[in-house]
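Pasting the structures in now, so scroll down.
Okay, so chain A shows up in both of these, paired with chain B first and chain C after.
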Partner chain A sequence: MTTHQPVNHTSNNDSTIAEQSKNQNNDNKRANYKAIIEVDSLSFSIKNNAILKNLNFTVGSGEIYALLGGNGAGKSTTLKTLLGFNKPTQGSVRVAGKEVSKALDFVRGKTAYLPESATLYPHLTARENVEYFLSLADINKTDEQINAAFKRVALQEGAWERPMQTYSKGMRQKTAIALAILREAPIFLLDEPTSGLDPVAIDEFNQLVRELALSGATILMVTHDVYGACQVANRIGLLRAGELVGEFDAPENGRIDTEQVHAAFAQRGA
Partner chain B sequence: MNYLIKQFTREWGFLLRQKYVVVLLLCSLVLSGFAIYSGLSEVSEQQQTIERLKAADQSDRANVQQKQNDAGMLAYYSFHLTYSQPSNLAFAALGERDIFPWKHRINLLALEGQIYESDAQNAELAQAGKIDFVFVISALAPLVIILLFHDLFASERTSGRHDLLVTTAKSYFALWGARITVRFVALIVCLMLPFFVGAFIAGASAFKVAYVSLLCIAYLAFWAVLSVWLGKNATSAPRVASSLIGLWVLFAFIIPILGDLAINKTVHSPNGGDIVLTQREAVNDAWDLHKSTTMNAFIKEYPALAPYVDMSSEFEWKWYYAFQQMGDLKAAELSQAYRDSAAKKYELAGTVSWLSPPLLLQRSLTRAANTDSVAAYNYEQQIRDYHQQLREFYYPWLFYKGDPTKAALENMPRFESTTQTSK
Partner chain C sequence: MSIHNFSKVVIVAKDEWRYWLRSKLAMTVLAIGLLLTLSSVVVTAITMHELSHARHELQSNAEQSFVDQPDRHPHRMVHYGHYAFRTPSPLSTLDPGIDAYTGNSIFLEGHRQNSAMFADQRQGTALTKLGSLTPAFIVQTLAPLLLILIGYSSISRERESQTLSYLLAQGTSGTTLIVGKGLALLSVVGLIIAPLAVSALFTMSAGESLLAVTSFVVGYALYLTVWVLLILLASSVFSKNSGSFTALAFVWILLCIVMPRVASTSASTAVPSTGKIETDFAVKAELRKLGDGHNTNDPAFKQFKQSLLEKYNVNSIDELPVNFRGLVASESEAKQTDVLNQFAEQRMQAELKQTQVSRYFGWVSPMVAIRSLSMIVVGTSIETHHRFLRETEQLRFDFVQGLNKVHIEKLNYQDDMNRNANAAATQKARVSADNWQILQAFNFTVDSANIRAQRSVPAFLQLLLWIAVLVGGIKFVGKRLS
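Take a look at the complex of A and B:
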């Protein structure tokens, strides 16, 4: 796949948003990404209640894709489907070239997932938590490698050996990111990663995410924070009631226009 | 293999960091240790009592034999100890030994009254029961399992870790398999270790120990599987715990209680008091009966003694013991009905136990330890058999041989406990 279509499942009512997002498209730039996450005609229902409706999008290597939407838009459901917790009612989800439902262990092995509230074990220290989770993944890392990861996420050295019940949310997020880095997973799925963080912590987090993307990681984050998404994402997909109603691309060496996204987001109370 | 060791080592380390789990495991160890200690003490006390009574029994009889020469007087004043020796697994399952008597001193008088005069013994104790190993495993250990396993999944979900854990773990076994196995094995060790120590002290056979261990592990695995199965898809730990405790109450109390009520309603049984009363009334009435009535009935049981039933005085010991035996004969039907209904109740309780795993375990272990009601009824039969031997020893002396010689008294039958041991 060399180019990405903007949005091909936009309803008539959302034509204005589609127009806006078209203006943001930068197909030449996206042609450089190799699609790692491919969501094709994905629908998911619970007891005839459609949660996701015919979703189509791709996320490429080195790309930061923000799935933006309000409460109940289907953001977390999309993530859970990518992680294999939900089985698509229709369509397919491929990660790193494999159908998720058919290669669950492979997909999860390639994916670092950061839940909204990254509550690791509060009675364990950051190091013990990281060691525990790495052992679960059957990954061996030296103390030095773990220290380096903590430093990379700017987790204060004095906190490394402290039980995580004393951590702020930002510190917990950093620890979870350090874990993701140590897993050397090429794909990151982030669920509301900046929710509850203070502005400084958000800036640090965004910087870290950009660095990961620059190193080739594929990053899909779901968020309802328009400003935060525009700050960090190369591309934003606007999700409303389970439908992808618009996509916005960042211009070359620039950021997505917050005003435009916000207008689209607020247009019908996304 | 290395992979497995790695998973278990990690989860073991993780388990040790969870204080409440460690406290629960230590409580299990202490509880099981206390139950084993209590069982060993009880069995040791019973054995000491038996030994003490055996010595006293011998000395009492020697005193009587020194003072009395007459066969009738000897039989009247001589008591004979019978006892049911606890098996070397009894320490783990005291069973019915606190309800049914395990020792009786009997004489040549009518027997059935002597057996059943303590039918209601230890009623208060029977209600409370004893905290033995079987009680700990069958009734208390499921609660520990519920506490250990009910929130295994739910706590991870509510804290938001579940999806992270599942997506990080290399395999399902690496996470849940290892975690469940380590908790289960740790609990088994805490509960069974005191049992192994107790079995070693009591000298129980390896086969019996293996059998008991297998039953206990299978029973605990049942509760663990139930807890994991109910908890697997749940998001609410309290709901899982409530369901499991509900099942525990159902299995451990409601089914056995309803089963007991249904069995008692279905199977009607005379009680021990009826047997005692019938036998004693028969014996008392015999004083007023014509002697030939008693003796004619008696020689139907002992035709060989027919030539010796004539009496030359108002009171003769042979008549006295004959009407004692007739008392037993009168109560025999009731006694048999008592035993038949007890056997029927035991059989029906066996059927009920298939609906109640705790009851099934208790039943299996008390059977293995020979401390159930079957063992108690077997002991009663041993007393009857021994009493019959005593009658057969005394009757020739009472009817025609005169006073027994010292040498003859040496050959008097002695009770030997044939209680099965687990060796």
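Take a look at the complex of A and C:
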């Protein structure tokens, strides 16, 4: 059995985990990734209420980073800040080397965002949805290319021309991923992507995410699902009350130990 | 906005139309809107065409009837009277304005100024008194409601279903989204206005000017643009469809129902006008001081009699070369008319001031602005009605004094005094029917297009100010949305 070790990036008041987190091998492995998402000393407050506190983490090309935390931990706020919907109170957020607030169009053009409930337009078919969003992004794709993307995300062929109001959540997620693939977005921001999916759909989704990472995509997902995060992520950041209190790296050719993460998650009451 | 961004705006607008075409509610509302506008345009056009034709005929009949009267005593013709009809302006097929309330004809007779009568709203049944379904009513009151029903969720729907953040995250700006939705709503405005514009253009064949037609169509386009902007603003500000709809319904009630009534009430409070009964009593009291023009021995004409005797250097009225009774009637008519005109002008000035106060409310209600603009441009405003009253009064005074002149010059005083002695004397106190030709033909025409356009400038400015403020608000909200 592979040993999984949490790495540093912890808060000062969590010395136990911090001591365990020093793992030179994992640090070396991370150095292989080219940092695409860089969160540096990020704080965000609303009316003196600190939502994010001094967050520091990076996500590299080909990496799947899961930001794990309970309700109200600041996961979605982090994603929204990365998309430029929130202006940092302190610190900086860079995507593909550019400051988000100064290059909003550039960042959004490079990013595929999947909200928790990727409803898209219920009155449109999957194809119409994809064509609409692509036309807004000035991207021309042939029917064959769109079909290929649907096949890649394993969206049943019979559903392509059906209004999306008849779709399950998993099918909607697949359509949104197909759109992201067609947009050739190198960065994926996923908000609770497997929430509400059945186990088969989760497996299919995880497989798709892994394939995207293998093709070089940078993937940041936020979730409260410990098991799901461990299944797919190369690295997990544990978020509690807006603070990054620990990070866990997957070993070479292995997965992050679910029990260890679960213990830390429970211990911290994240 | 660059061509590149505009193409995105068009994409958003096309998608909005696709949404409407697949939505039963939107299609139903659109169909109802178009049907109402079209039917009201057709029905009102037919009604007004018939009215115009009928009034032309009535006017002609009234004039013919007057000149066809047999030989009579001229003063009997003064009391026989005459009718003057107001022919509706060509554009009034689209907005009857105050014509429906003020009446369209006046009975003209000696010594009296009658009110206009046969107002559609007065002679209608209890139900028709609630107001007709005219094109102006449809576009002023119902079209905003239809636009609200179609567009209240244009932005809030995207927010509620999370497609807004999805769209924004894909790089589409909030401004592009709002402008695109606005373009779609403006195309609905175009559909609503199209029947109105076509009908307005048709009025040119009836003599209406291009300036008036353009002002009319542009005015309504601006008004509905205000509503499109209000809808976009509310839909962008509220995060829930229900919030947007409730706010817009409240705004519609406030601007279309409450404010016009507040404007009328404020106008009548700010410029109080005397009631008709009080005015009639005051007029009668003043007229009584002038004496009875039918009675040559009335003390009020003693000085007049003396001045005539001196002027003609005679000792008695029997020696006058003209008919003294006719002279008294003419003198009395002139003095009475002065008094009547004085009261009429006071009333018209009060009405005009009240209208001005009411029109100021256009700065706070686009409905008040378009109502004023529409009536002014169409030629069914209070100013046009007052001109009708003045012109008919001039017609009345001219024909009454014309008859008095005939009385003075063509009827011997002695014959006049003996007119009731016997049948032969009565016959002798008549003048030839040829004298009835003094009646001038009456043909009321609406003010020139230039005058109407000038009068409508403040209302145009009110609508433009609304648009400027709302565009500013939407720009601000669009940036925040992004």
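We take it that the second predicted complex is superposed on the first by the 251 of 270 C-alpha atoms of A that agree within 3 Å, B and C clash if a C-alpha of one lies under 4 Å from a C-alpha of the other, contacts with A are read in each partner's own complex, and residues count from 1 in each chain.
Note that in this section a contact is a pair of C-beta atoms (placed from the backbone, for glycine too) under 8 Å apart; a residue touches a chain by one contact, two chains touch by 3 or more.
Note that the coordinates shown come from a computational prediction; the quantities given were computed from them, not determined experimentally.
Asks: With chain A superposed, do chain B and chain C clash or fit?
Replies: When both complexes are placed onto chain A, chain B and chain C end up clashing with one another.
Asks: Looking at A:Phe248 after the superposition, I want to know if it touches chain B, chain C, both of them or none. Which is it: first, second, both, neither?
Replies: So A:Phe248 meets neither chain B nor chain C here.
Asks: Looking at the overlay, what does A:Tyr65 touch: chain B (first), chain C (second), both, or neither?
Replies: In the superposed model, A:Tyr65 contacts neither chain B nor chain C.
Asks: After lining up the shared chain so the two structures overlap, which partner does A:Trp160 touch, if you call chain B first and chain C second: first, second, both or neither?
Replies: In the superposition, A:Trp160 touches no partner, neither chain B nor chain C.
Asks: Starting from the residues of chain A touching chain B, keep only those that also touch chain C in the other complex, and list them.
Replies: In chain A, residues 80, 83, 85, 105, 108-109, 111, 113, 115-121, 123-124, 128, 132-133, 135-138, 176, 183 are touched by chain B and also by chain C.
Asks: Give the list of chain C residues in touch with chain A in this complex.
Replies: 4, 8, 11-12, 15, 18-19, 22-23, 161-163, 165-173, 482
Asks: Quick check: in the complex, which residue numbers of chain A touch chain B?
Replies: These residues of chain A touch chain B: 80, 83, 85, 105, 108-109, 111, 113-121, 123-124, 128, 132-133, 135-138, 176, 179, 183.
Asks: Quick check: in the complex, which residue numbers of chain A touch chain C?
Replies: Where chain A meets chain C, its residues are 80, 83, 85, 104-105, 108-109, 111, 113, 115-124, 128, 132-133, 135-138, 176, 183, 189.
Asks: Any idea which chain B residues touch chain A in the complex?
Replies: 3, 6, 10, 14, 17-19, 159-161, 163-171, 174-175
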